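First chain written, first letter: the chains are A, B, C and D, and each begins at residue 1.
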Amino acid sequence: MTNSAKPINLFEYQALAAGQLSQMALDYYASGAGDEITLQDNRAAFAGYKLRPRMLVDVSHRDLSTTILGQAWQMPIAIAPMAFQCLAAKEGEMATASAAAKLGSMMILSTMATKSLEEVASVRQQTPQWFQLYVHRDRGLTKALVERAHAAGYQALCLTVDAPMLGRREKDMRNQFALPTGMELANLTTLKDLKITQRAGESGLFAYLLEQFNAALTWSDLEWLQSLSPLPLVVKGILRGDDALRAVEHGAQGIIVSNHGGRQLDGAIASIDALSEVVAAVGDRVEVLVDGGIRRGTDVLKALALGAKAVLLGRPILWGLAVAGEAGVQHVLELLRDELDLAMALSGCAKLADIDSSLVVR
Amino acid sequence: MTNSAKPINLFEYQALAAGQLSQMALDYYASGAGDEITLQDNRAAFAGYKLRPRMLVDVSHRDLSTTILGQAWQMPIAIAPMAFQCLAAKEGEMATASAAAKLGSMMILSTMATKSLEEVASVRQQTPQWFQLYVHRDRGLTKALVERAHAAGYQALCLTVDAPMLGRREKDMRNQFALPTGMELANLTTLKDLKITQRAGESGLFAYLLEQFNAALTWSDLEWLQSLSPLPLVVKGILRGDDALRAVEHGAQGIIVSNHGGRQLDGAIASIDALSEVVAAVGDRVEVLVDGGIRRGTDVLKALALGAKAVLLGRPILWGLAVAGEAGVQHVLELLRDELDLAMALSGCAKLADIDSSLVVR
Amino acid sequence: MTNSAKPINLFEYQALAAGQLSQMALDYYASGAGDEITLQDNRAAFAGYKLRPRMLVDVSHRDLSTTILGQAWQMPIAIAPMAFQCLAAKEGEMATASAAAKLGSMMILSTMATKSLEEVASVRQQTPQWFQLYVHRDRGLTKALVERAHAAGYQALCLTVDAPMLGRREKDMRNQFALPTGMELANLTTLKDLKITQRAGESGLFAYLLEQFNAALTWSDLEWLQSLSPLPLVVKGILRGDDALRAVEHGAQGIIVSNHGGRQLDGAIASIDALSEVVAAVGDRVEVLVDGGIRRGTDVLKALALGAKAVLLGRPILWGLAVAGEAGVQHVLELLRDELDLAMALSGCAKLADIDSSLVVR
Amino acid sequence: MTNSAKPINLFEYQALAAGQLSQMALDYYASGAGDEITLQDNRAAFAGYKLRPRMLVDVSHRDLSTTILGQAWQMPIAIAPMAFQCLAAKEGEMATASAAAKLGSMMILSTMATKSLEEVASVRQQTPQWFQLYVHRDRGLTKALVERAHAAGYQALCLTVDAPMLGRREKDMRNQFALPTGMELANLTTLKDLKITQRAGESGLFAYLLEQFNAALTWSDLEWLQSLSPLPLVVKGILRGDDALRAVEHGAQGIIVSNHGGRQLDGAIASIDALSEVVAAVGDRVEVLVDGGIRRGTDVLKALALGAKAVLLGRPILWGLAVAGEAGVQHVLELLRDELDLAMALSGCAKLADIDSSLVVR
């Protein structure tokens, strides 16, 4: 890639990635549930918030670092958990983790990774990593994953709660989405008690996992989950203030406001629109993060102004990965970080604590 | 139809049906009055309601059954009364009724059916059926219909009140819509006292019926109608709280919030937007249903959250009928039911009673 | 025109008329000032009002007649004053007046007519006519027009107040709009004291008239105007409640809420959006009419529900005139009247007095 | 340019200019930061304000003159500071200044002009000029500029405060924007202490200037700036009421509500939407101007109704300059002035003081 063709924003990465991926993989990554209304709302909702920048503040030096769960982060931009990253590039989650580590961007590794959590942990360096999981019907599976994550040095568990069943993603249905031969769910294949009825290719494994979603899970199960390790628990997939409070009452130390990138319940409120209610409900008791539709530094600024401590970046990471592997992920993160840095400077914010709710108006 | 081409949502049924129907029939089914503003609003208005799902509720088993007018329904999705179903498939209303019966979906048979109410009753099985009627100028005709419906085991009368005159559907005007030769209004042709001036083809019969619309009907006529049989009365076509109250005061046991699928008064409020006012007005005194623009399980969820006890599905039933007869109707119902089932699971609702108004925000 | 090609709504008349008129005439009629924002808003604003129809009212007989300024009108739809109607059809204002007379639709004749007010009066029959005028710089001209209008039996004066200067209609500027040779301002050419510097063709006459606009006119001049004849005065072009009150205080007996069809101040509020404020300001002291963007019977219904006693129809009259002369105007009026009649029936209104503000919601 | 092809509004100038400019220059002038959301909002926001014109006011003579900072202006339309005007026409800022002087339109000369402030001052005549500047890191540079501006007779300093860093204009990044060989920053090249590392072409000079932006500047630095000359200080780039108050407290005598034409912080509130808050905050203590998106006389009218004393015109000046040099600038100003004049007449405003907040409704 010559310099003049190098993407200068995240949208250009998306356009380039579309030419690098199989249709099945592109659809799997890009699409949302149902009519993709929430997918579109996630992005469109940001335009409803206008910035009210302050002038003549000394912004000659900006500091984007923050502390989340007591962990030092170099920027308030982390990487959302995303499955099957080897579909985007051969190195998959290893490349993503390595890029994140270099830039000090926390990464959440998905249970459904195509590289094992131990491998990914090996490139961590000083940057924290979290491990995402579902509570599976097979509790032994869940327990084993938690213990491995703890052993491998992950610093928090991120429990996805918005998937008691899999959302209806019609493009995947049409494509009869399955993992290519040779690609595996690396965190699961090594587990002794994994009983998978093999079907054509690896899709049996995928189907197995979907069946493992536990629709019976309730708030009281969080206690059990927390008993498995000393890791702090972050609950991902909250869209209501009352649910956020319940999470806090059951021991969660962090909340991620999310609608799963529009991939679960189509018609759900845009995550940025749900953020204020959650922040108001939990106050300072836990830290609130948000994902969904973030593509610009000004989006991050808006999310922080609305009360998020940090944001998660999802699909653009995959576009970077598809376009240029680790270097692509790194550049995507750099672009967004630099855009945030500039947006802060132009808004009169030298550090994250300077970002307050008066910066946005709806 | 191969499996891979099988529609996976109701929109795909509509697209396929367009290729199966004559232009005249398609226009008759699909079009609305005037500029079709209400037709479009009915659909578009759903997007104005965003879902606020609850997490970590045990939704491992969902129950979609409900009780309406004391009748057991397997799902809160019934079939709206629609005329001339033989235009869509040879078996017409018989196919629709049979599919409904198999899935436990209540069907409302139109007076203007192309199969007689007695024939349709014969495939009912355990699923209730209602009979839709107008109060005709010829009161003997109305009386005869009510008595036959009662005798045939229909469990409620659904009185359409939004058609004192026929709405101005310009496509039908352009097409000079008429029933094809050989198709008849099966509920009316056998009535001894039916005096129809025959015109070209069956359109004379159609014209006759339109002339029979009784623009002089008032609320006090409901008492007369109820005196004709012990059947409960449901009033269809209400868009205001005060009208809903009047219906209750005159003995109605159910209200269907409806603008006749945008086929009567163009510019009328979208039915989903009128629902809350009606629900607030009648409280628990009668059961409120709604139709208009429902195409997704999340639409049903929104309607229930806004206070409807059930919804009616209209045009998509005809698309299923046109594409694959009874099997098509059955699949359309299954798709919508399954989408509702999933939407409930993803919203933290195991049963219909769990759906409350906090699930939606405008 | 065969029956099957006969327009079935006013939009179809517009489409047909476009093929009948010179580009210059079409642009003159159809265009608005500036960016045509108000022109578009006038139409679009109607969609912002939704109808809340009442059911089960006896609407077997509808009565559309009304009384305005003590005059009996057969329908609450009158014809707005429009210049240069001979551009649309040879018979010009004579055809319009004749059609209006046949249907009992009051017509307002423009000072800038291409047929004289005496000629137009000759086809009046029982239907009232009003005469539109400006107060010209040449007061003798104004006085002469008023006296002639009174003598010819016009029943009201309609003073246009929104044109102290001519709006900037860019299409006319580009076209260098002028009246064709042989077409004349018939109300003015016979006046002895008319001093026109002849320029190329008749455009000198047109330019003269524009120069005659009196930008110095104020409310106190209304007294002088009313002293010229016993005719009641209706003020056209009001968009604010305070201005409406001023008109009443200076003797106006009617108000026409109008932005001149979007031809004067681009960016002005849509007339239907200004109506409520004017109605609230004047109460029952004078009668309020409205024009701008009315194309459907439901638009008339909305205007009446918002407090107008009647509406004026503008451009569609010209489209009818261009397509089929007097018969076209008559059909346009019939279409709109019949649409209103149906809209009333479907809304539970048997007479105009039944139309109340609860019929619309914004 | 023949008369019939002469532009009749500012949009036509933009279209013509696009054919006169290099792509690099066009992009530099026309584009905004990021996704150009603010650029579009600036224009679109005007449509959200509707005009409520008054009728029957004597508007036979209009007076557009005003007094700003005690200076007599012939119209409330001034020229915004814009860099590099020689990119549009060889005479650059000289042509602009000359046109402004002829029409009595105040011009703000940019520090980054391609003609020196002394040259531009030489064509001033009776019309005031202001000088725009940044506070550069090199304070000697700032001081020298202020002293020269004062010596040359500029009547105010306009401090741009919304550019602690340069906004991210992606078209310029793609184009690797640089000044053509031979074009220079005429206000800076003559300064003895200017130390520029020469790079390819003149772009080194441009890069130097960008580096000179002082991100450490704070409100207290305004005192220093004011100590350099007796010139009144106007602060440009304010979007919040609290910032406007701070400016007043630190001695500013004027506020320009601006988001830099959408070229700095994308997502910032449209300037016309920020105006009311600023006006409400400062009351009568200082004069408030606004720029951003003004293309029509009605836009100026809306801005004045919302409390601005005058507006600045930006890009359209460049389009006029590109199309026809000084004559083009003059015509652009004449068009906008004449549109304002007409808009005032049609709104019942004979002088600027007649324009009040009741003229607009959102």
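Things worth noting here:
We adopt the following convention: a contact is a pair of C-beta atoms (placed from the backbone, for glycine too) under 8 Å apart; a residue touches a chain by one contact, two chains touch by 3 or more.
Since we're looking at a predicted model, the values are computed, not measured.
In a homomeric contact, the two copies may use the same or different surfaces; for subunit C and subunit D, under half of the interface residue numbers are shared, pointing to different surfaces. Taking the mean of C-alpha positions as each chain's centre, the chain lying farthest from the centre of subunit C is A.
Put simply, the C-alpha centre of subunit A and that of subunit D have 43 angstrom between them. One simple way to say how far apart two chains are is to compare their mean CA positions; for subunit B and subunit D this gives 61 Å. The residues of subunit D never reach two or more other chains; the list is empty.
Contact residues on subunit D toward subunit C in their complex (touch as defined above): 4, 8-9, 46-47, 49-60, 296, 298, 302, 339, 342-343, 345-347, 358, 361.
Across the complex, subunit C meets subunit D through its residues 34-35, 37, 41, 161-162, 164-165, 167-168, 170, 173-174, 214-219, 221-222, 235, 237-240, 242-243, 246, 264-270, 273-274.
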